[in-house]
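What follows is one structure encoded as structure tokens, with my remarks underneath.
Chain naming follows the written order as A, B, C and D, and within any one chain the residues start at number 1.
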Amino acid sequence: MDWQRLLVSYFVGFVLLNVLLGLMAYMTWFERRVLARMQHRVGPNRTGPFGLLQPIADGIKLLAKEDIVPANADRLVFLVAPLLSFALAPLGAAVIPFGESLHLFGLEIPLLVADINVAVLYVLALGSIGVYGIILGGYASGNRYSLLGALRSTAQVISYELVLGLSLVGVFILAGSFSLQDILREQQRVLVIGPLTLPNWYILSQPLAFALFLIAAVAETNRAPFDLPEAETELVAGYFTEYSGFRFSFYFLAEYINMIVVSLLAGTLFVGGIDGPFADGVWWLALKALFFLFFYVWLRATLPRFRYDQLMGLAWKVLLPLALLNIGLTGLVRLWGIGAL
Amino acid sequence: MSEPRPVPAPTATSPWDTTGYWGPTDPEQHPAVRLIRERFPDALREATVFRDEMTIRVDRRALRDVVEFLRTHPELRYNHLTDITAVDMLYLRERPRFDVVVQLYSIPRRQRLRVKCGVDDGETVPSLVPIFAGANWLERECYDMFGIIFEGHPDLRRILLPEDWDEGHPLRKDYPLRGYRDYVQPGFESPAPRIRGTLRRPGP
Amino acid sequence: MIDFSQSTPVILSEVRQLTPTRRELVLNMGPQHPSTHGVLRIRLTLEGETVIACDPVIGYLHRGVEKLGESHRYAQFVPWTDRTDYVAAPSNNLGYVLAVEKLCGIQAPERAQYWRMIMAELTRLASHLVWLGTHALDIGALSVSLYTFRDRELILDIFEKFCGARLTTNMMEIGGFSREIPPELPEMVREFCRYFPKAIQQYEDLLTENPIWLARTKGVGIIEPDVAINYGLTGACLRGSGVNYDVRKAMPYLLYDRVEFDVPLGTHGDVYDRYLVRIEEMRQSIRIIEQCLEQVPTDGPLMAYESQYVIPPHKNVMTTAEDMQRHFIWVIKGFSPPKGEVYHAVEHSKGELGYYIVSDGSPIPYRLRIRSPDFVNLQSLPYMAQGAMLADIVALIGTIDIVLGSVDR
Amino acid sequence: MSLQVLIFSLLACVSILGALGVVIARNPVHSAIGLVLSFLNVAAIYLIARAEFLAVVQVIVYAGAVIVLVVFVTMLVHPDDLPEFHGRRPLRIVTGLVLGVALLLEVAAAVLTRSLSGAPGPWTDEAVAAVGGNTQALGQTLYSDYMLAIQLTALLLLAATIGAIVLARPEAVSERVAAARRTLTISLAHPRGLDQPERPPALPRPSDGQVKPAGSGRPIVLARSANEFTEQPAWGEWRTP
């Protein structure tokens, strides 16, 4: 065991976790401001300049609130479920490469926590365990709205996880690897088609997969228009109806961290991650992720909510066949034709 | 803004007497009165007009048949049940105590009609639910507020008041405005004093 | 002719309990629920997410308005009508004062009638905006509600300019208006009429062709026209089913026979049709307001002729002894309409709003009945809900357009 | 004791604890949680053995899908419908014990014989590295040596899927809805009215000027006067078009 590398990894992970939590807090601020602008409102603007201290105020408020456990709740599960959700959310960021290695004090510090060669599958696996936070929270609340929300969420996450995974298969076929490092390396190559010189971003060669990934990612993170598990107009708040105080905020944090992780993942998988004109670097990834986050907010401001059966129908009748089609086409292309690419 | 201008003198006949949305103001010429008199000679009690509004009073046992006839007859076709309500006639006459008032409207003929029947405490009125699905809640409200039993109603229970309300029926005239019991409001130690025990009605 | 002796009554206990089987779940929706538009409570029997049965439980906002009406003098009751349907208060005022005027046999002067029409149509717009916003919010379109409430503010500004209040306006008086119209009001209304069609277009851009909106509303909650009539529905619920009944057209009150407008009718009777009908109604309301503004006399009396039934003009109270006495009597004793009973209906934004008043010749109504459209329209919810999905319930509550203050009274 | 062994022992212990929890817990959902715990630890053990792909698949398939379905079903099923948990039936206890002991013996035998006489397979570390990692190695083996088995499994799963769809057709729901609709539609006469009056034979259709396209290919009809469309809805028929 290389203790030094392990320590460096822990250090990078620690920094990343904190950055992620900070970003998450300001993601709520960003969402509220952007949403307010889209809806002819002002948004939070009283706490600090431009309301920048609002997330901190919210955090303090949530921490100071009473932690209520309903009488007929399954107590232990009720208490643990939000922690599960919250703990799993930032883990996905561990495999995302934020740039080339740094050299500091004679140490080589890689700008990612862990280089797993099944990185993408690892993220998917995290998503599939993350559903336990929701389903157990809904079950343990002893509330029928929560139960319905949990059921919806389970069905939704399983279905869309399938789409999410299958939409990525095309990328795997082209890259020949599950590793994000390899996928990134592939994308940093330059594609020359006649007079055009393009980056080899997979959004160009896999546009269908990109669209599917985007839709499935919105559904996977339970955001509008797929926010059925927490559809406030039908199920009050879905699986976290009974939660209050900081346990509620754990679900809240988990949702936003998931959004950020998925945006980072989309940026890395399809639009070249840290790759960009002028100078590669983490800022390009941040910019791309910010665009996806903006897209999330934009969707929420624009679209009504699907009905449950329509949502499932969309996943199984439209998206899944399209994903399979994409895999078939990509496989054929890879097999017969354009191996030269 | 300016000095009050001379206002027009009161017109001899009010416009409300001639709007004509209730059919002819002469009961003898009103088709509903004529046809009911032919079809149910025993049931029709009287037909009155106030401000152009035609009111037919029928026997309570015949109410459902009359309404059904009014709805079905090709010359009448009162196919829209606007309202069912009741009036507690406690201070106005001896018996019967209540009037059940049914407001009908004919969409194709654009005419209204009011059908009434008297009912005493303990008597029942045939329910109109078999004819109009919309009568369901209206009759439930009537039962809730006046305690009038509609015979044949499939689901006659209280609607606006809680199901376990045990203080009677509030729109009856002998029901005090503030109820029979004294309720202590939250934040107070004793119930607010009653200024008037029951509603005193000034004479006409 | 139905042979009533042959029809078997439904067994009550079966209906009421509707014992859920083991596969089914009874969900109590409300009275505190974000999308029941107040304190409506619905007992839902669900199989998965499919609604097997639906039993609305109402009365959580019952304040006994009818009983109160039977203990207040005629003019004292006008503010209470605001509180029945509080998102469309002037229309409630209008229905009540028209019923009392009919009872007394008086009529407001032409100018007051035009202004009443303008205010009633503005109320319809305000109420439809609240409906559209909340309906869209229920279905998940967050932004539309904020846009509609933004534009509703403009209408409330007009109300405020007109009478000083925004929500519960207590705007109409028996006999007309006792205060002069503010001189800048017509221009405010005109300005609003110029602006508002663009706003409607904005809502339509967001919703009308939106595929998710279509998926959520098309073919959901169909009421066939004969069923709609049988349930006694009125307003957009009836017209969405294609039956032409609009009190403004069918039995014009005020001066609705002098303005041109069309009654929009739906062609399928589902939630989407009712949405289209209401959107078109908003356009027609703008048309009516514009015509009223053209036709309304700029000068003239606003109160009915001087009779015992109306409050004397404020100026005269201070200057003439006779009017001061009349004012004193009107305020202290009220006025006594003739004995009789009247029913008068107006086209409220939700449907036919009727006031049935029985007078025994005293200054207090002997019986005051409010036929509220919401109460009757809400009855069709169980019919529409059976077999729908849970998420459709909120769309159905939205499409009926209820205000619980008016349902429970 | 190296770090790896330490971690392995920890994972193994937690895994066994989870498995014990499955057996001991009285609440079926708690049992499922124990099972997930056990699975996750097994996945971590795979990771230590450098079988990353297997580990991730273990998590996705078992923890992420199978147990979620188990929890799903347990939540949906009415508690009364569940078979009695840990009932004091001696036969069950004896059967469980016998099966458990048999399994233990089997596993022990397998482990012992394997460690005693096992031979390394063709996939040595070098061979795995040569094809680019154990994921690739697994893929190559599965899709070349075990092609037939894979295809048969796929076929079997397809058949199972179709079977599930056939079994889960929601006809029972629609029947119940229809029954409720019949019962709960309060009017004794049908709400549509069994007794609609005779209608005039020629139903007027809206003229062209009255039809206004409103959205999504659906028009609305603008009635000019109060006398139109009172006998019939604007689309001309009583029934839904």
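The rule is simple: contacts are C-beta pairs under 8 Å (C-beta built on N, C-alpha and C of every residue); 3 or more make two chains touch, one makes a residue touch a chain.
Predicted model, so just to flag it, every value in this text is computed and none were measured.
A.B. asks: In this assembly, which chains make contact with subunit A and also with subunit B?
C.D. replies: C, D
A.B. asks: For the interfaces B-D and A-C, which has the higher count of C-beta pairs in contact?
C.D. replies: A-C
A.B. asks: From the centre of subunit B, which chain's CA centre is farthest?
C.D. replies: In terms of C-alpha centroids, the chain at the greatest distance from subunit B is A.
A.B. asks: Just the number, please: Cα centre separation of subunit B and subunit D in whole Å.
C.D. replies: The answer is 57 Å.
A.B. asks: Centroid of subunit A to centroid of subunit C, CA atoms only: how many Å?
C.D. replies: The separation of the two C-alpha centroids amounts to 46 Å.
A.B. asks: Determine the centre-to-centre distance between subunit A and subunit D, using the mean Cα coordinates as centres, and give it in whole Å.
C.D. replies: Averaging C-alpha atoms per chain gives centres 23 Å apart.
A.B. asks: State, to the nearest whole Å, the distance from the C-alpha centre of subunit B to the C-alpha centre of subunit C.
C.D. replies: About 21 Å separates the centre of subunit B from that of subunit C.
A.B. asks: List, in ascending order, every residue of subunit B touching at least 2 other chains.
C.D. replies: Correct list: 72, 79, 107, 110, 130-133, 136, 152, 154-155.
A.B. asks: Counting only residues that touch at least two other chains, what does the list for subunit D look like?
C.D. replies: If we look for residues of subunit D contacting two or more partner chains, we find 185-189, 191, 195, 226, 230.
A.B. asks: Give me the residue numbers in subunit A that touch at least two other chains, ranges are fine.
C.D. replies: As it turns out, subunit A has no residue touching two or more other chains.
A.B. asks: Can you tell me, using the touch rule above, whether these chains form a line, ring, star, complete graph or other shape?
C.D. replies: Drawn as a graph, the chains match no named shape, so other.
A.B. asks: Could you list each pair of chains that touch one another?
C.D. replies: Inter-chain contacts occur between A-C, A-D, B-C, B-D, C-D.
A.B. asks: Can you list the residues on subunit C that touch subunit D in the complex?
C.D. replies: Spelled out, the residues of subunit C in touch with subunit D are 1-2, 7-10, 14-15, 18, 21-23, 45, 47-48, 50-53, 204, 208-209, 214, 218, 222, 224-227, 230-231, 241-246, 249-250, 262-269, 272-273, 276-277, 279-280, 382-383, 386-387.
A.B. asks: Within their complex, state which residues of subunit C touch subunit A.
C.D. replies: Against subunit A, subunit C makes touches at 25, 27-28, 33-35, 46, 49, 136-143, 146-147, 150, 206-207, 210, 212-213, 215-216, 389-394.
A.B. asks: Spell out the residues on subunit D that touch subunit A in their complex, using ranges where they run on.
C.D. replies: Where subunit D meets subunit A, its residues are 2-4, 27, 29-30, 33, 36, 40, 52-53, 56-57, 59-60, 63-65, 68, 71-72, 75-76, 132-133, 135.
A.B. asks: Under the stated contact criterion, what part of subunit B meets subunit C in this complex?
C.D. replies: Answer in residue numbers: 1-5, 7-10, 14-17, 19, 21, 50-51, 53, 55, 64, 68-69, 72, 79-83, 85, 87-88, 91-92, 101, 103, 107, 110, 112, 114, 130-138, 141, 145, 152, 154-162, 170-171, 175, 177, 199, 201-204.
A.B. asks: For the complex, give me every residue of subunit A touching subunit D.
C.D. replies: 1, 74, 77, 116-118, 121-122, 124-125, 127-129, 131-132, 135-136, 139, 147, 150-151, 154-155, 158, 161, 165, 177-178
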